[in-house]
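Common to both upcoming complexes is subunit A, partnered first by subunit B, then by subunit C.
For the complex of A and B:
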């Protein structure tokens, strides 16, 4: 080693060794980057192939006739009218039940419930419920809603089964969304003399709407693709009529008869067509799948937009 | 010497004034842990009283007893009494609703915490809670509060913009406006300038001195110079006990307890 201008100058080979060593250590970085990229592309590739396959087989089949026709023995005349109407009505029941129950339960657990062994137990079980296979919800709905409550193999039973299925998702989304609100915002409201209910109603709910709505949409997009619980409670696969209309032209103007109507839904219709022998119905199945997929993707897109908006408007 | 006798020996340019809040043998327990040990002090009306002491001495805990903020969390217990004059309401009395207490004690927090709403709605919120909903009344009270918080000129042209567009110091003055809009008897400040720069801090300090003309102020501060600049009375707390309470002048220049002297001369804390 030599000294030049007060600095210790290290010999050249020292730098070479250091450089080589750094290069070697960085090799792991480079390899992980490559493998990670490969795996990501594979995942995207699978999704892409799936979409292309559906588009290739089904896109030509989607037209006005397809959307406005009942199922038929002849593939060319068959359509998804009863299926998409059924899916729409199911989602109305599911949302109508899962949103108020889930949000209320989330608010209770996060803002009101005392923290003790009992609430810990409830929390763990809600997390577990989110992981229960959907067909078990179907079995429960069959026993409880179809037979016990005598709702029959109806839209109401189906919607309630799906609501039970997604309830934990809504509860967890509500709680997480409430948890992102800082404690000092709650305290600001309480310090001005707000009750818990006023703090929730004036502040916590408005500030967490974006997060809750995101969770609700994701829950709905999970529910919309479910077929197992619906098949379990006895949704039919061949429905050549629409449920009674909810709006009447004479008093009392609203009718809830549709709740007790038999139904089918998009995934069930699709399953029915896929499982037929012969090629005739395959384009129909792909077309129904494509519609389902588009609905799910646009719901997820809406969820992302909502989250972005919520983040933009509220800063802490 | 007990703390009250210290406060009765007030000298040095501080006016003798009536007691606003009489704290008697106040103890506070977090679970089984005793955080405040039989604190007694008389907070004078229309003056600034500072609470000083090292971290963990219980000064913020004491402050938050006065608007019953501890009731929001489980496992907390109070003992003793806190009477508010002139009517003698006991804050800790049986059957006393914390919400009633909080309507008489405004609070300003350590970090500015405006609601993610408009400037106007932030100030109007306390009034709305108390049932005021006529637009004209609200407009008048919101303007009055913003003027008193010395922020009116900066925000009068954008009352309906989001409060978060304001700077930190402006947000804190907005929070002060929010706290005084409902005409509370006492405003509690919990280290209100610890998140602010020196210029914003001095504005808040001026404001607090101005506020005591119409409201009693109790302020927790880590900053001894701040206590010296703005308070009339100072209480020094240590390990959950009130060590010394007297006029700021006397406590800083001629403390009667060695612990107080050690603390204000920077030997610990």
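For the complex of A and C:
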């Protein structure tokens, strides 16, 4: 090593080793780049294989007869009529309960709640609820709704169980969407003499509709695919009838009898067909699975688009 | 100042007071749900735990609470949960971590924006569909490689469960890696390290509490997963740690008993609440640990 004009001049072999190391590192990086891409594509490929499999085995089975027939002992005559009607009615109960409660809780925790031990507790509680296995919601519904409140093994019990299950999703979505609104929107409203609720109702909620709607769609898509809680409350029975209609042709025009009707749902019907021995019912299971997948994937797709649009349109 | 306020002001005041209570009640609803779960599990499983001596839960080697000569070896159920969870984590943790490193440090932003939501779809697939896939597609495939594999196996259920959990690990892991400050990376690059070196030696340790939260939450997910194991891993409780065999998990046992007629207060009814109570305690531990770790990562970033 020598000193020339204040610069340290390093010997040639030193640079060669550096160059070789840099070269090696770049080669390793390139390899990891390839492996990462490959694994990503493979993981996504599994989703593709799953869909293709369902299409290949189930698409032929989906026709008008399949959608308008009750379950049957003969695979070729069985259908999903009572299942999709059941799923639809369940979702009405779930949405009717989970959306108002979830949004209210989100607004309360984000805009009103004081920072204290109780709020901390509520927060930990929601984080834990989001991770409680779905089957435990089923056990709660069985003990509480079915036997304690005597709702029976009904659409009401099932819908309430699913509503409790997705409540944390709606709460978290509402809070996150309120949190992205800058404080000066609130301050401007307060400066003009608005009460807190007026600020929420006229300013914060309109801005956060996109985020809340995204969360609600994801929550509903989760609820549609759930079967464990419904099986636990005893919904896995042979249902070859439809619940009473909610709309009557004579006064009082609305009936809530359907809430207390026994039911089946799409994922439960699929589970029933999957768990039968023999291959006769496998196409039916694939067809029900395909319908379920199309519903959940399109709901998730809609949620992604909605989120993108909400992010693009609002620039603070 | 006049003491009478205009009517509209008083109305606003009344609405404000009402809405505070409406919203507060919404906030309580989540607590009520938790309370409902805990109280139901405790009261309905109480007769079971009061009736069964504690040492039999540990010393018995079979779980047959519904038989005439009942055995109460909870470990037979826990073994099934342990094995399926273990298999799932062997898939989800390495794969999820590699994908998180790739997406956060290597992938171009345009690719990441497309891939992330698509990966999320993997966890949105209904679990009953995954169960179908494990039983009717993966198991026959595995049987070609290993002909002795039974129709129901914990291996097949665990592998599919692992795929389902990958997005949980990747998404939380990637978030925490991206929140590692750019300065740290640039410092390491300036010292001449390569991209992978920086990812493993700087970003990974920096994001570790976030990654650990992701792992813990993944474990909780796997322990509580129900439909995949109920369909593909079998419903017979069996004391084994061999993933090539079939065995019931805690969750699968609840499903199996629920499938039959279940009168209120019967031993079957009590036993599923007992299994549920054990499941709740396990997942509660993991969820709280995950919450604490995640908060630490948020505070650090």
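In the analysis below, the second predicted complex is superposed on the first by the 289 of 316 C-alpha atoms of A that agree within 3 Å, B and C clash if a C-alpha of one lies under 4 Å from a C-alpha of the other, contacts with A are read in each partner's own complex, and residues count from 1 in each chain.
By definition in this document, contacts are C-beta pairs under 8 Å (C-beta built on N, C-alpha and C of every residue); 3 or more make two chains touch, one makes a residue touch a chain.
It should be emphasised that the depicted structure is a prediction, and the values quoted were computed from it without experimental measurement.
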Partner touching more residues of subunit A, subunit B vs subunit C, is chain C
| request: Return first, second, both or neither, reflecting whether A:114 touches subunit B, subunit C, both chains, or no partner chain. | output: first
May I ask you to decide whether A:195 touches subunit B, subunit C, both, or neither, giving the answer as first, second, both or neither? both
I'd like to know which partner A:203 touches here: subunit B for first, subunit C for second, both or neither.
first
Q.
Which partner chains sit in contact with A:89 here, subunit B, subunit C, both or neither? Use first/second/both/neither.
A. neither
Quiz item: Now for A:219: first (subunit B), second (subunit C), both, or neither, which partner does it touch?
Solution: neither
**Prompt:** Does the superposition put A:155 against subunit B (first), subunit C (second), both, or neither?
**Reply:** neither
Ask   = Touching A:182 in the superposition: subunit B (first), subunit C (second), both, neither?
value = first
Subunit A positions within both the subunit B interface and the subunit C interface are 195, 198
Listed in rising order, the residues of subunit B that touch subunit A in the complex are 67, 69, 72, 74, 99-100, 102-103, 106-107, 109-111, 113-116, 125-126, 129-130, 162, 164, 175, 178-179, 182
Subunit A residues touching subunit C in their complex are 18, 21-22, 25-26, 28-29, 32-33, 35-37, 39-40, 43-44, 46-47, 49-50, 53-54, 100-109, 112-113, 121-122, 124-140, 142-144, 147-148, 164, 167-168, 171, 195-198, 200, 218, 221-222, 224-228, 231-232, 234, 236, 267, 270-271, 274-275, 282, 285-286, 289, 292-293, 296-297, 300, 304
Per the touch rule above, subunit A residues touching subunit B in the complex are 114-115, 182, 184-195, 198, 202-203, 207, 313-316
Note: in the complex, subunit C contacts subunit A through residues 12-13, 15-16, 19-20, 22-27, 29-31, 33-34, 36-37, 40-41, 43-44, 95, 98-99, 101-103, 106-107, 115, 117-122, 124-129, 131-133, 135-137, 163, 166, 192-197, 217, 220-221, 223-227, 230-231, 251, 254-255, 258-259, 262, 264, 272-273, 276, 279-280, 283-284, 286-288, 290-291
